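One chain, subunit A, links the two complexes that follow: it is found with subunit B in the first and with subunit C in the second.
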Partner chain A sequence: MSLTLQSRPAAPSSTEQSPARRNRFRSRVGALFVSPYVLFLLVVFAIPLVYTVWMSFHRFYFTAPGTDVDAPWVGLSNYKDVFTDPVVGQAFLNILIFLVINVPLTVGLSLVLAAALNAKMRGRAFFRAAFYLPYVTASVALVAVWQFLFGQDGFVNHLLGSHAPDPSWLVNTHLAMPMIAVFVTWKQLGFFVMLYLAALQNVGKELYEASAMDGAGKVRQFFSVTVPGVRPATTLVVIYAIITGANMFSEPYLLTGGGGPDHASTSPVLLMYQKGIEQGHPDVAAALGVVLIAFVMVVSLAARKLTERGN
Partner chain B sequence: MSATTPAPGRRVGGKALRYVLLSLGAVVFLFPFYYMVVGSLRKVTAGDLSAAVPSGLTGANYAAINSTISLGRSLLNSGIMTIGVLICTLVFGVLAGYALAVLKFRGKGAVFGALLLVQMVPFQLLTLPLYVLVVRDYGLGDNYFGMILPFAINSTAVFLFRQFFSQMPQSLFEAARIDGASELRILWKIALPMAKPAILTALLLTFIGPWNEFLWPFLVTKNADMQPLAVSLASFLSNLQGTVANPAGALLAGACVLALPAVVLFLVFQRHFTSTDIDSATKG
Partner chain C sequence: MLRRTASSLLVLALAGTATACGRAAPDANVAADARGPITVWLSNNAQEVQWGKQMVAAWNKRHPDQHVTAQQIPAGKTSEEAISASIIAGTSACLAFNTSPAAVPTFQKQNGLVPLDDFPGGTSYVTGRSGGLADQYKSPDGKFYQLPWKSNPVMILYNKKLFKKAGLDPEHPKLATYKEFLKTSRTLVHSGAAKAAIWPSPSSDFFQPWYDFYPAFAAQSGGKQLIEDGKPQFDSAAGRQAASFWRELYAEKLAPQEAYPGDALNDGKAAMATVGPWAVSAYKNAVDIGVAPVPTSDGGSGKHSFSDEKSVAMFSACKNRGTAWDLLKFATSSAQDGRFLETTGQMPMREDLTKRYADYFAEHPTYRAFADQAERVVEVPNVPGSVDIWQAFRDEWTKSVVFGRESTRAGLSNASSEITDLLNEYGGQS
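Showing the complex of A and B:
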């Protein structure tokens, strides 16, 4: 059974017969049932969102609970701080590097693995579990292993011998961000394999048969039937990757020791943490947050346009 | 090239290629886990190639990490945070899902729209204002309630419940209503017993979030006694490694303890992490 968004909310079948009074009562019950969730959405999403915009236009200080300190309006001053800081530019550039590596790797590898898994075969459950395992495991635990694998004196460098990069992977200006992109690809891949596996169910068998009649080989079929057939899933992968990139904190903070050498792997969220909490400028961090939200929206829209083109 | 009936040789070749590909993938995915377990059990955990071979096994690394960050206390904190989230998601999420699927009320469309929207809003982006509100304004730093609050109701789970309830035959609910049952009673006696698979899936999907979460509890907890395991392990990773004899081993031992509950749950309930569920959960 598949639970899909397409199914519209089923309307109760015979409300006309019930008295209006009962209907009114039920409507109150519905509002009552949903109210804790609405409260949650307000407290955790709506209020912080408004608050961050407000904060970004004021000079804001941290205060102890209950104390009232003036927060004067400063216009675009915090935004000026954000846009003139070269590290901010570096952090956004880092997300772009992340996306350029992560998106093609994720789409390519997960689609190939899903296509390979998409048949009745021995060991299917085992492979699915193996691919999915990193996805359910805590980043902090996996970062610990990767630090050990890719450290200066780590397993991978021992394998490579004299071919090992110098400086080593995680402390190398050119390799720190690509390492994070590869780590995240590896960790999330299983999720996207499952996503593509589900999407493959919706690609019509007759398309494969027809293309086989026309003399298309397996490789040709993959590119002219499978790839276009799962395009909506691909759009989702791309948008998900953008959100992941914009959200990144624990990987640059832990895997590359606080943002890598010369901010080579600093992410905007890590920067928000450093500016807002470590250096005590929550107003500048808020402005950075607003810029980041705008960035996510613009890039997501562009990605959606791009992947859905020609459909 | 005859395409309709591929030569038997080609078919076998394709099958072999399939297995080679998948096995290669499995090695890449599983090796770090293997390395984590073996490394956590070795007396000396160095990065050289011998570290991949189990020898001279010992539990000392687990004792070492336990003496540095107090595993029991950290696990308890992780557990309280996770169980708090699960309870809130189950109670309030089922109510909201039922209302969205079965009941009529003003603003229903808006609530459902908001549900779909928040799944697209990266939570981390709101961390800073949330931190100011929760820790500075409400004074909930180093407090379980503050740790739970941002995750309290999982929107993906609400969506899952809503989908499940709206696929049930609505005539069942209507019949109960005619018999005079209250909505809460209908939910409890009719809808919930049928929704067990959805509940299990939602719980499993919800579990990995708070259990694995790092940034939020890292911001909210300054007191080591309140930190969940992911946070205490991260602080060991960044500044406590010098305090033990075999730091890499101790770190990997901690990583094993953090990974174990989620991995075991996943393996036991694997069939509930099905592609259709993920598909429906992410289509929003």
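Showing the complex of A and C:
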């Protein structure tokens, strides 16, 4: 234990504030600054979440203003509807297929590209912008590009000729979901490359120099220095990719004609939209939403455990 | 301090939510006779908007104290979703001239509609204008929550130029029987005249059966609805024949399994389409259109088809329902129906259509076939859970007919069982 000399604080003069008063003041200013965001969280997230859970245990539908309609407690009835609907099971299976393809692909590609873009190279700014462009482009426009490429009469099938899959890419039961996973990987890649680029700035150059002196090549440096150095970013990328994948709506809706052949690309959120908005069962949609939240939490926790293993 | 701040924020948030939820509805008794300015919604079809603007201008000239504002229905995936959202928010227009009968049970359940029978002479006005056809639009409680306004009887529209290119006679196309239709389709595709013989959307949307299965079933069954007397009707010989016909088209790649991102007939990618008369004026600068009835197995075509009807509904958010009712009668009067027919080519839901507007049909013979068909149209069943029911049907159709992953017999049988369960479920709830 080291000894340090501390000067005794002088008694506050009449014009000076005591530390306690200063802290109270700071605390109030702080509360004032965060209050809009807290309010936003309450109104946009917390209250709807509580309302969703409430709806999922009641027989509920949306009505015109001033309408007095009973919303009786139905216990787990809506959850029973969710768990006995084979389409719901298919939708969660689709998400698992999506995650199995999308997450490793996203992590691998974005890390490799970020490492490449972090090195000194010609046209680095151009490549950074090029990878980021799909992320900031509207999904609808990108879907049009993919339909041009992978549509039944698309460019890829023209190249493949008789080797083209039948039924074609986007209406093929086995290919529809992998196609969506690859599409989303491509669309989101720029964002994750940016995350990794930021993380790479914090990896010490001396580690690379030391490993080089020990005789490590570029590949060895990548696996021994870069990968462990950006592990917190990898956790973030994985969890963000899982959440994005689980919330997927526009890709199956636009790319594969509203859920694909025989629900081969239906996602839980697309089903929530169909049940809640199209078919007028917001109570069942709410139960499905609660199940989806639980699913995302479990998968995210498992992924976090996996990515942080060895820390 | 933090606890106090948090409490204040919670109270503020709850107050905001309560204000948002505490929506008021107009007093029905006061609104029933009230007159004043109102808003009406029109579809986004260019010809309908043109008609709507002149109709409203004519009304406003006569009733300056009851000004009507017409606007296109708010954007949404479908008009039904936009209307449903507006009912919940209490922001509906007084009248929507684009209400799908399939959505009426849902709007009714949401307490979003005003029964037209409540107005003096309401029932007799509806039945007097549409005659026997009006019965299909009556709700299970015996009331009219919609005025059947116009139909677009679905027929086979074909591109004469592509038929000629394929070596077929465009003036006398062989499309009456399933066999003839398939043979003509093969010629169209195999000759390279068109990529697809016919290209209805194979997507999973609940309303797509109205443009492939339902017209074929209506024609083959002699005018049966999907559900009659609380029982599904399509798991029958007529349903199976219609389904097998469509499965053959998909299996032989005469109809593509992937949705076309546009209008295939207009773009010359498909030689035929199942469409109503609205398309004739829409295509007039792009395609030389011919019209044929929906085929049947033995060629006894042309008896029945799907109506693709749209109704006018009055919404409970309307404060000046007296004006809305008067405008509804004005907009569906004989004179305005004539203007509507001339402007859009769509068929007002009147029993004596061809006689009343004989001059128009003499001048426009293409529309005559649609007018004849309009006498024998089949509507979607007016039953609770209608959208769920169509979705259940579509799911099985996609599996069995479009992608051939199970037999058409099994597909129709499964759909029939699922729909019976839904009918029981909804019957139990109501």
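Points worth noting:
Just so we're on the same page, the second predicted complex is superposed on the first by the 273 of 311 C-alpha atoms of A that agree within 3 Å, B and C clash if a C-alpha of one lies under 4 Å from a C-alpha of the other, contacts with A are read in each partner's own complex, and residues count from 1 in each chain.
Heads up, the rule we're going with is that contacts are C-beta pairs under 8 Å (C-beta built on N, C-alpha and C of every residue); 3 or more make two chains touch, one makes a residue touch a chain.
Since this is a predicted model, take the numbers as computed values, not measurements.
Once the two complexes are laid over each other on the shared chain, residue contacts for A:153 go to subunit B and to subunit C alike. In the superposed model, A:38 makes contact with both subunit B and subunit C. When both complexes are overlaid on chain A, the residue A:62 reaches subunit B and subunit C alike. Once the two complexes are laid over each other on the shared chain, residue contacts for A:131 go to subunit B alone; subunit C is not touched.
A simple residue count on subunit A separates subunit B from subunit C, and the partner touching more is B.
In the overlay built on the shared chain, the residue A:259 is in contact with subunit C alone; subunit B does not reach it.
Of the two partner chains, neither subunit B nor subunit C is touched by A:219. In the superposed model, A:140 lies in contact with subunit B only, and not with subunit C.
Taken together, the two complexes place residues 27-28, 31, 38, 43, 47, 62-66, 144, 147, 151, 153, 257-258, 277 of subunit A in contact with subunit B and also with subunit C. Only residues 1, 3-4, 14-15, 18-19, 21-22, 25-26, 28-30, 32-33, 35-36, 39, 45-49, 51-52, 92-93, 95-96, 98-108, 111-112, 114-115, 118, 120-133, 136-139, 149-150, 152-153, 158, 160, 162-164, 166-167, 170-171, 173-174, 177, 183-184, 208, 211-212, 214-215, 219, 230, 233-234, 237-238, 248, 251-252, 254-256, 258-259, 262-263, 265-267, 270, 273, 275-280, 282-284 of subunit B touch subunit A when the two sit together in their complex.
By the touch criterion stated above, subunit A contacts subunit B in their complex at residues 1-5, 7, 9-15, 18, 22-23, 26-31, 33-34, 36-38, 40-41, 43-45, 47-49, 51-52, 55, 62-66, 109, 112-113, 116-117, 119, 121, 123, 125-134, 136-149, 151, 153-155, 157-159, 186, 189-191, 194-195, 197-199, 201, 212-218, 236, 239-240, 243, 246-247, 249-250, 254, 257-258, 269, 272-273, 276-277, 282, 285-286, 289, 292-293, 296, 300. Across the complex, subunit A meets subunit C through its residues 24, 27-28, 31, 35, 38-39, 42-43, 46-47, 61-67, 69, 87, 144, 147, 151-153, 167-168, 170-171, 173, 257-263, 274, 277-281. Contact residues on subunit C toward subunit A in their complex (touch as defined above): 1-2, 5-6, 9-10, 12-14, 16-17, 23-25, 81, 84, 87-90, 106, 109-112, 195, 201-206, 256-259, 261, 316-317, 385, 387-388, 391, 395, 398-399, 402-403, 405.
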